[in-house]
Every structure is written in C-alpha cells, then in structure tokens.
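In what follows, subunit A forms one complex with subunit B and a second complex with subunit C.
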Partner chain A sequence: MVEQRNIKPAALTRLQEIANDPYGCLADLRKRKRIIGSTLADVPEELIHAAGLHPFLILGTNNPIRHSAALLPDNSCSLARSNLELVVGYQSAFFDGFVLSQVCDTTQHLGDIWKRKFPDHYFENFLTPRQVARPSARAWYAEECRRLRGALEQYAGRAITDAALRESFALYNENRALLRRLYAIKREAPALMTNREFFDAVKAGFFMDRGEHNELVQAVVQWAEQTKDHQASANGYFRVICVGIVVEPPALYDMIDEVKGTIVADNLCTASRYIFYDVETKGDPAEALADRHLRKPYFTPINEDVRRIYADLISLCRDNNGEAIFYVHIKYCESQDYDLPDIKAAMRTEGIPFLELETEYQTTHLAQLKTRLQAFCESLFTKGAQGGVR
Partner chain B sequence: MTAASAKPSSKELSRVLTEGYLLDARTAHEHGKYVAYTTAVSPVELFVAHDVIPIYPENHAVACLTKRMGTELSLAMEKQGYTSHLCAYARSDLGYRITGKSAMGGIPDPDFLLACNAQCFTLTKWFEVLSRKYEVPLFVFDTPQWIREPGARKEIVKYCVAQLKELIAALEQLTGKKYDYDRLAQVMAYSQQASVLYRRFLDMAAYKPSPISIFDALIHMAITVYLRGTPQAVEYYQILCDEIQAKADQGVGVIADERFRLYWENLPVWFKFKDHFNLLKSYGANILTSLYVHAWSYEFDLAKDPLETLAENYCSRFSNVTLEERAEMALDLFRRYSMNGSIMFVNRSCKAVSFAVYTLKEIITETTGYPALIFESDMGDPRFYSEAQIKTRIEAFLETLQRRQAAGA
Partner chain C sequence: MVAAGIDIGSLSTETVIFDNEKGIRGYSIVLTGGSSREAAQRSLQEAAASAHVARDQIERIVSTGCGREIAEFADRKVTEITCIAKGVNHLFPQSRTIIDIGGQDTKVIRVDEKGRVLEFDMNDKCAAGTGRFLEVMARALAVELDEMGERSLRHTHDLQISSICTVFAESEVVSLVSEGQQVEDILRAIHNAIADRTLGLLERIGEVAPLVVMTGGVAKNIGVVKCLEEKLGTPLTIYTEPQIVGALGAALLSFE
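Here is the complex of A and B:
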C-alpha cells in the first residue's frame, strides 16, 4: 500500500478548490444567509456568525486594478487597492455588508471611501485599538465588541444571545484547534503536504461555512495523522519562518515549495494570527474576545513594545529551529517599511538568514522573486547559517 | 511714544519666542526639565503643565524641507535601507539622525516620545524607530476615528481619558514628580485663550479683500503648535489679531486686486511655497485657507474635566473624522470665507491627509459647483515635483477661473 500514501484526500482537494475560487462559494452561501465581509485582521467573526449572518474575510483580488485606481493613489498598498477593486469592480453582488477594521492610515480612509461607494449596503467600522501596550486597550476592544454586537443585532433583526455567542466561540475554537493540529503535523512531516496545500486549507476557511470547513479539515487531519509516520522524514527540507501580513500572490508558497523550504512557523494575519489562541467560553463574551485579541502574535501596525518587531521573530525562529526567515513585504505598506531596516540589522546581529520578498497583489515580477529566492537558498546551503540578510 | 507702540510686532515676538523656546529645550536638563518629542496634533498641554518641553520633529523637518534639504536627507536614510515612499518629514528627520545636517542647528534628543494617531499613523511608526534608537519610552495615544454616532463618541472619549491617565502616570514615572492638576487647569485656560485668538486670526480670511493668505496662516501657526498652553502664546495671538484687524479695517488685502478666493487641500509644497504664492498673485488669486491650518483651532470646554475636553478636541481633528464630516468642515469654510475654487494637492508623503482627496474633491465640487484642480506631488522632495507640468496645470486652472468669471459664472 506504500504507493497509496501520497494520495491526497478529497477533502484537501476540495479545500484547495475553494481557496482558489473563493467567491464562487460565497455565491452559493448567499442563497441561505446574508454575507458580511470583513478586512484583516481584527474583526471578531464570531459576533457576525452568532447573528445568523455569514462572515468572510475580504482578501482582495489578483485581477488587474481598473476601478479602484481613481479612488486611491497608486502609492497605497496593493492589499487596500485590490480589496477595493474586488468589491467595486467584480464581486459586489456577493456581499450584503461590511465590517471594516482600521489599523493604519490606509484602512482608515479605505473604510470611508468604501462606505460612500455602497450606500445601500450594511456598513460598520470596527475601531481596533492601535496600541496593545496598556490596560486601556483591552477595555476598548471589549467595548467595541459590545458596540458591534448591538449594531449587528439591529441589522440582523434578532438578538445575539450569550448562548448563541458561546456556540460560535466553540465552533471557531474547534476550527482553530484543527488547523493548529494540522500545522503541527505538517511541521513534523513536511513531505506530507506542501506549504501551498496547508495554507490553502486555512484560507478556504475564510470563505466557507465554518461547520463545513471543520468537517473537511477534520478529514484532512485524520488522513494526516494516519499517514504522517510514513512521511516523517524531514530530510531534504529546510525550516522556514514566514513573516508578514499576507502572502500574495499564493504562487509565493509554490516557490517556497520548489526550493524545498517548509514553513514551520509564521506570524501572518492569514495563518498564525488567525488560528492561534481560543476564545474562553466562560465569563463575559466581549472580554473573552478581548483576551484572545491581546494574545495574538505581533502585528506591525499595532503598537506595543517597540522591540517586538524583531524580538518575536528571533524567538519564533529559535523556538521552531528555523533555518531562515522569509519576510513577505507588501509594497507600500508603510508599517513594514518603517520596521524593515531595524529588523534586518537585528537579524544580522543574530546571524539569522533573512530574505525580504517584496510583492504586490498584481505583481508582474514573480520570475525575479524566484531568482532571488533560489540565489538566497544556494548561499544558505553553501554557507550554512551565514546565509546573510537580503 | 505711546505705551501701545512699545509693544513688539508679531513678527519680532515670534522670533523672540522661538529663540527662547529652543534655548529652553536645549538647556532643559540643566534646569531639571525634560524633552519629549511629540506629534503636532497631540495633547501637549499635559507636558506643559509638567515641565516637559515638547519638541516637534515635524517642525524641524519643515525647516529643512523649506531650505530644499529634502532630497539630500532622504538619500541618506535611503542608503540605510529605508524607502523613498515614506513621509518626507520622517525621511528628513531620519536623514538628520544619520547626517546631523539641519536647517536650524538641530534639535535636542528626546527623553520621551508621544505619538497621537488622530493626525496620522506614520508618526507612530517613525517614533517607534526613534524609540529604539534613543532607548526612550514611546507612548501611543490612540484616538479612534471620530465616527458620528454620539453613543460611540462617548465611549471613545472614555477610552481616551483612560489613556491620558496612563500618559500622566508615565510622565510621573519619567520625572519622579507628582502630577499637578491645578497647573493643568491653568495651562488649559491659556491654551483655550490662544486657540480662540488663533481662530479669530484665521477667520479674518472672511474679509474682502482678505488681509491674510494661507501663507500667513502657515507662518503664524508655528507658535500655537509649540507654545500653546503658555501666556506668551496668548499675548502673541492678541498682537497678531490686532495687526490684522487694523489691515482689515483699512480694507488692505494681501492681493490688491483680489479676484479669486481659493481653498487649498492638504499641506503645502514647502519648497515651492513662495513660487506658488507669486504665481497665484499674478492672476489675482489668493489661497485663503486649508483645513490643515485649522487643525490647531481647539475649543476646550473649561467647565469640563480637562482630560475629557482634551480627548474630545484631539479626536475631532479633520484628519480623524469621517470623510463626510471632513467635507462638511471644508464646505463650512467655503461658505464662511466666500471661496470660489480649490486647489487640491494629493501629497504622496502624507497618506493620512491625501487618501481621501479624490473623494473629497467629488463632494466639494458637487456641492459648491466651483472648479477644483487636483495635482499629485510631494510636499518636501523635489525629485517628485514636476515643475513644468504643475505650473502649466495651475495656470490652466487659473485661466478657467478667469473665463468663468468673464462669463459671469
């Protein structure tokens, strides 16, 4: 039966299909529920879910920018531009409303422009605290959750009971736990699934019905549990720490797969920041959400201890025996722009091989990135841990 | 000589006050005081009442950019791995940290940093860099967007008051001194008086012809930015108001034959400041105002808890309100100052102020029916300023205004 072991389960294939055509699945769901999109990374989706609405994450489009060019200057980050492009240009028919969080100058203005473009859609701001350094942040996050809860109740025309909310917490906790389990197996047995497969499985959850996503991920976890021992050898792979906000276009994962890098840890909004830590199902629900929020991995636009920009990366790398850090830098993301020189200096001091991959949603220079990645890996393997900082 | 004529002119007083302020800051430690960097829009009253001298890296950057040092300083920081996409103030400041080059002999190093994000988010990130460099604490005063619903606003104020208390605790820790709320009340009173006078000065733009232009506003806003909360600032704006009122009473305008009264959106292009003024003047056009200069006309309610009125004022700056409200603020100026056109600058340095400009233009032109010119450039770096193109566009715009006027529009 050895030859059978590499056959991927149908559930994984299905998750990948959804990740690669997410908006199609929303069209189906819309027949059953009203669909509410939210932006990365801090809107508590459980609240939307408990209101009987379908939450999903707006993750932009890699299609060319046509409609949003007249609304935002071209030095805005491509995440903002392509999110706006998606809703204005392509898929607005899939959405009933939005809850947008504000983390930086770009997102603050984006929300306003967006709201004006869709006067007939439901719209809520979620005013995420932009500091998590002090106790006031926790109280504020909880307060914003209470406000959002009230606003959603009004829109949905029904009360969000504590019991319904706790059910949603449990459902999402289960989802996070399954994904964390899958991540742990992938870490041990890199040959089992590619980076692309794993991160696609996570991504599918941003769009799908959560219960259905749990079923599919559960099936993949089962398969992985049964198969991992046969695939456990990590030979030939090197351990990568993937850092940033989003990894777009997803072909970047393929490139890392091609050079046999296996991502063993990350702080991405679309991965660890999404799946790490559960919401406590006892006590005050808003405060439970706030507690989870404060435990999430470091996110560059949110101020905390100013050294976390590199201190966290060093521990991520050391704790996970990382051999290199790949920093995915979204062009024109100011927040990352300010961090990068100090991060690079710290990596040099620590001797941690570090590669910056600057990308855009509509990027046209993938070949160039690939060459950089290959050259970096070559020097990494010839010079060992002295792969350098690029 | 009458007693009145012994008073210094606003110009002289501005020079004396600025020199005194810088000397104080440079010798702060000798006098048991502290130096804190902060953002131009931030509750600096809390510093003034606690012997912490505020220094504004943005003001220092303006001095450098006006002297056309923008490119040189930016190149220095680009060499260290920063990008030229950042705000020109930050580029100029980080360039100064590397080269030591300054248009005004530099500024003292900080003991503390305070970033208030009602103004922008860039400053938090820029100050994070400085906080690591100087190993001094950074306090981020997080002011959520001042959305319209009154209930939400009440909660925002609560969050902000809680943070101001945290800030006071941080200041007590820095100085080892207990905070003196009576002094704060006094500082708030001065700040309020200066704000009223500053606004009166700005509102003189309503006279026809206008005795001031935006260029006067930009020059005279300096004192309220760095000395608000002091009796000196009150005296200064009183003198300034008297001077300008005298001009208005005599019907003296900045432009003798004032034909066009314009609104400017965004910050100025600092290194083109004079050129723009002269070009406009040759067409009889005066730029009267901008929401930018109004960012310092606060309305503190002295009957309230000082922390509450501080929170309300700093959250509700034009850069932190919703797009509709910001448009409404601009339209209010249009009405009060009888303006009949606008020049809207999309400043690649400043995402915070610029990202809404396209939509703002839409709203303002739709509502007023007056034409608007939009142009993209950078406030501080001549590499991103296309001389011929922008000049041609401004001229073409002014000619449109002339044609409309001739046609009786």
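Here is the complex of A and C:
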C-alpha cells in the first residue's frame, strides 16, 4: 500500500521530461505561436503572453561552447556565454525574438552583441531599475512596462487590452500559487519528492504553454496533497537554503539529494524569485507588475543599503530554520564575484554554515564539487561547522 | 583491533594499517596509474605486508581521496578533508591550520582542538599550484621532481612567474630558460608562485592560526615549504611521511 503511494504521478514524469529537454517543446509551440525568449527574473512574461506570443526563459545550454567563444571572452559569465551559444546554435529552430533585461554589465553588453548578431529578429531591451530601493524605481519599472507593451503590440500587430493582460496575470498567478503550494508540501514532507523533481517541475514552466503547465502542476499538487502525510518524516534530512541565480548543471540537485539535504527556501531566479508574489489583477496593470517586481528578493547589493543582501540571507536562513546555506556561484558571474567575499565573511560572523558551489555550464565532471559538498556535510554533522565553511 | 585507511589520490595511493593499541603498524605508497581500483588493492596488500598482518586481520577499512568511491571493499567512504584533519589532529593535536598540497588538489583547512573541520577551501578544477604543476615544470626544466626543492634553495636571483596557469607558466619557464636564467632561480620562482596561490586560498578561510601543519606529497619539496614559511612568517610542521596523513585519518575514523 505504502509502495503504491510512493509511485510518482505521470504528470511529474512529464514535467521532468520537459525540464531535461527544455527546448524540445518549443519547436512544437512555434507551429502555433511566435516564440519570444527573455532573460531571467526581470522581464514580465505576462506582457508577452497577453500579446498572443509565447514567452520562455532563456536558460543556456550545457552543450559544448562553439559559437559564443568567437563573440565573448572566455572569462565572461558562464550563463551569458551559454545563453549566447544557445541562441546562435538554435536561432532558426525556435526563436522569433528576444526581450533582454539588463541586470549587470555583462547583460548590457550581451544585449548589444545580441542585437547586432540577430538584426532580423524582434529585439527589445527591457531596462529595469538597478537600485530598486529608490523612490523612482516603481515609476521607472511601470513606465518600462508600458513601453514594452506598446512595442509588443506593434510587433504582434494587435492591441494588448487590459482585459487580456488581466487574464494573463490570473493565469500566471495560478501557476505561481500552484508551485508555491507544491514547495510548501515538499518542505513539510521532504521524502515526498526530491529537490531535482521539484525544481524540474518549476523549470518546465519556463518553456511550456502556461495553461498546460498549470494542468500538470495541478495534478502533481493533488498527488502531493494525498500522499504527503505518509512521507512527512523529516528524519535524516537537513534543511538547506539555496542561494544564487540558477542551479546548473541540474545534477547539482542530485548531489544535494544524495547527501539528504532538502532545500526549504531559496532566492534563485529559477525558483523563489520566479514563483513568489502575485500580480494584483485590479488597478493599473503596469503598476501592478512593478509592485510585484519590487517585492522580489535581490541577490546583489543594488540597494541603497548595501548590507541588505546579508540581512536578507540571514533572515531567509533563520526564518526557515536553515541548517546551511548553499551558494551556487556561476563561474565568472561578475555580480556574484563581487558579492561573494563579503557575503561569506558576513555568514562567518553570523555562524551560519555556508558552502560555495562554483559551477559552470558545460561541466560534466562533478567529482570535485561532490567532494566539497560531502566534506562540508561531514563537518556539519560532526558539529564542527561554525559558519563560513566552504 | 586493526584497521586500514586507504587514500586513493590522482597520482598516488597510500594505505596505513593502524592498530588501536600499537598505533601505525605499516604503510604503503604506490603510484595510482591508470587504474584506481588496482592501485587500491596493491596498496592495501603492500601495507598489510609491511605491517605483518594478514588481510583477514584487518577488521575495518575506510577509503578516502578522489578515488574513494571505487574501493568497494571499504566499509566507509569519507572525504580527504575530514581524513586529513583527523590524521593531523592525531599527530599534532595543537594544529589549527592545515595546508595539503597533493597531486591535483590544494586544500586549506581550519580545525578545532578535536580535529573537527571548521572551515576549508580547495582549488577548483584547475590543477595549477599542485603536484601536477610541479611535474610539468620539472619536465620543462629537465629536472628530477625530487631535486627541485633542494636546487631551488641555491637560488641567487629573484625571478617571477607571473601566471599560475600551468600552461602559461610553462611557457614563461621556457622563456626564462631561453633568456639564460639559472635553473635554481627559475625553480625558486615556481615555488614562490605555488606559495602565493596557497596563500590566496588561506585568505579565504580567515585567520591562519598556529600550529600550521603541511601535508601531501608537495610537503616533501623543501623549496615550496621554505617559500610558504617565509610568506606566512611562521614555521610549518610536517610529519615524517606527509603523504600518508590522509590515509592515517581514514584508518582512525574506522574506530569511530
């Protein structure tokens, strides 16, 4: 009986299939809609969706770098290089256009390269405010949403009505609510599903039709609700706070699963920053999008208060009874490179066990990362870790 | 009770046979070569022979090192970070900072009075500044690996290797040779480069508290040791056979 309860639903299997072959489903979708790729965390996908276009998140490729090596330096951000590799390699397969946000110097230059490289594609720079704590940030973001709305209308050849926008808001809000519910259940019942399974379920949504994704996630949530009580024991698991932008390669989740770490909270662009907070469906749509954007956590000290990043991480860890922070560091990500030394020092002062996992797209050999992770866990379980452990 | 610890590294595999009443009974160091599995078996046999114990007298085995997972005969697998800390604590209980430079890894570890790991760091995928780096430089200079340390002590001029990347540094070494620089001076520059890289890692784990212990095969290179001591401003404590400390820690962990 118990064994039957542990059988994972077909919907979860399907979500994992899509997460593991993320760009495969786009080719099919392109027969119905034009496909617009956007970069992580800042572009309001709802605007693209309401224009009758299909938005998806560009998440790079783990295929070997061939094209982007000629366009970007070897020591540029691994995610940026990988994103460029993806679009150059597959441009004719599933891209009609791009909306790129500028969140750092690399993405600013990347946008320029991108624009020059793809002159025939639709292209928009979405300029998000860097210092989100400033009073002008909300008005800036809202105005940028209005500008993007107009640009998308022109490209799509149709008006984006407020009614259509609110429908998109509702669809995406439903999606976020379902994923948040699933996250909450996973937190309560860590044996129910692995980290990899949960984050794959989130990731699949970056590519799929949102309605179809909702149906699949709904089925997984139903299964999880029915099954969670039988998997509620948290024995043997330790509570991990996962910090960073993306977790790539996804085998990193498997490694965390192997050491019985259960991710209970995060500030990843591919998880909490994506699924937390809804867009208010009443009032001015642009301002509603701005309000959601400004509520999200930030991982770089782009606030006026440069210490907020530490305070946010400490709260994230304490509020969720985290036993350790795993900081996933994308190789050559300049924002993370600048932040990391001070973050580590702050966590050491706070006594929060902290592990940096430096990763790079195209990495296939993870033995050294595994040693780092296992050694960290060994020190944690012998109560040796007093914070700052890498 | 007799236990064995096996440290299966990228370049060499070490085994220590430890008796909880008599201490270290014997050990072996063999080259890992192309098969970690064979090296582990060979190392275990040789260590058992040196300890005068039969294989079936060894009651517990703990494997460590980058090849730890391959030792299917091991009762437990533990990372080299934990094992080195354990081994060093057994030998030098006052130790608080450990520098381990092996074949392809450099590790720095901060430990408490019980040998528990408080903080550690290690090089990333790049093997610059490790034993492999020294091997490449030895080949470029046509110097035996074992001679590098002693010869570097006879340096007369200060040179600098500006890059720590193994490939680029090799090019620099070739250029220095072409310029007619003395081998001893180049060796000194190589050792200084390793010391600088190691210091960079140490910076990341906070204070360098004494006693500072060095382990791993590179601890046998007196040139690297001297450079590190000068830059750290503190002497390094080194066990007679620094290569077996991880294996010793693994053997000790089998009693826990």
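We adopt the following convention: the second predicted complex is superposed on the first by the 377 of 390 C-alpha atoms of A that agree within 3 Å, B and C clash if a C-alpha of one lies under 4 Å from a C-alpha of the other, contacts with A are read in each partner's own complex, and residues count from 1 in each chain.
The working rule: a contact is a pair of C-beta atoms (placed from the backbone, for glycine too) under 8 Å apart; a residue touches a chain by one contact, two chains touch by 3 or more.
Keep in mind the model is a prediction, meaning the values are calculated, not measured.
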Comparing the two partners subunit B and subunit C, which touches a greater set of residues in subunit A:
B
First (subunit B), second (subunit C), both or neither: which does A:Ala27 touch?
neither
Look at A:Asp337 in the shared chain and tell me whether it touches subunit B only, subunit C only, both, or neither; answer first, second, both or neither.
first
Just checking: does A:Arg348 make contact with subunit B only, subunit C only, both, or neither of them? Give me first, second, both or neither.
second
Considering only touches as defined above, state whether A:Thr371 meets subunit B (first), subunit C (second), both or neither.
second
Would you sort A:Ala311 into first (subunit B), second (subunit C), both or neither based on which partner it touches?
neither
I'd like to know which partner A:Ser379 touches here: subunit B for first, subunit C for second, both or neither.
second
Determine where on subunit A the residues touched by subunit B overlap those touched by subunit C, and list them.
341, 344
Tell me, which parts of subunit B touch subunit A in their complex?
80-83, 85-86, 90, 115, 117, 120-122, 124-126, 128-129, 131-132, 138, 140, 142, 144-145, 147, 151-152, 155-156, 158-159, 162-163, 166, 322-324, 346, 348, 351-352, 354-356, 358-359, 376
If we count contacts the way the header does, which residues on subunit C are in touch with subunit A in the complex?
66, 78-82, 105, 111-112, 114, 116-122, 124-125, 204-206
Please output the residues of subunit A touching subunit C within their complex, sorted ascending.
341, 344, 348, 358, 363, 365, 367-368, 371-372, 374-376, 378-379, 382-386, 388-390
Name, in rising order, each residue of subunit A that touches subunit B in their complex.
70-73, 75-76, 102, 104-106, 108-113, 115-116, 125, 127, 129-131, 133-137, 139-140, 143, 147, 301, 303, 306-307, 309, 332, 334-335, 337-342, 344
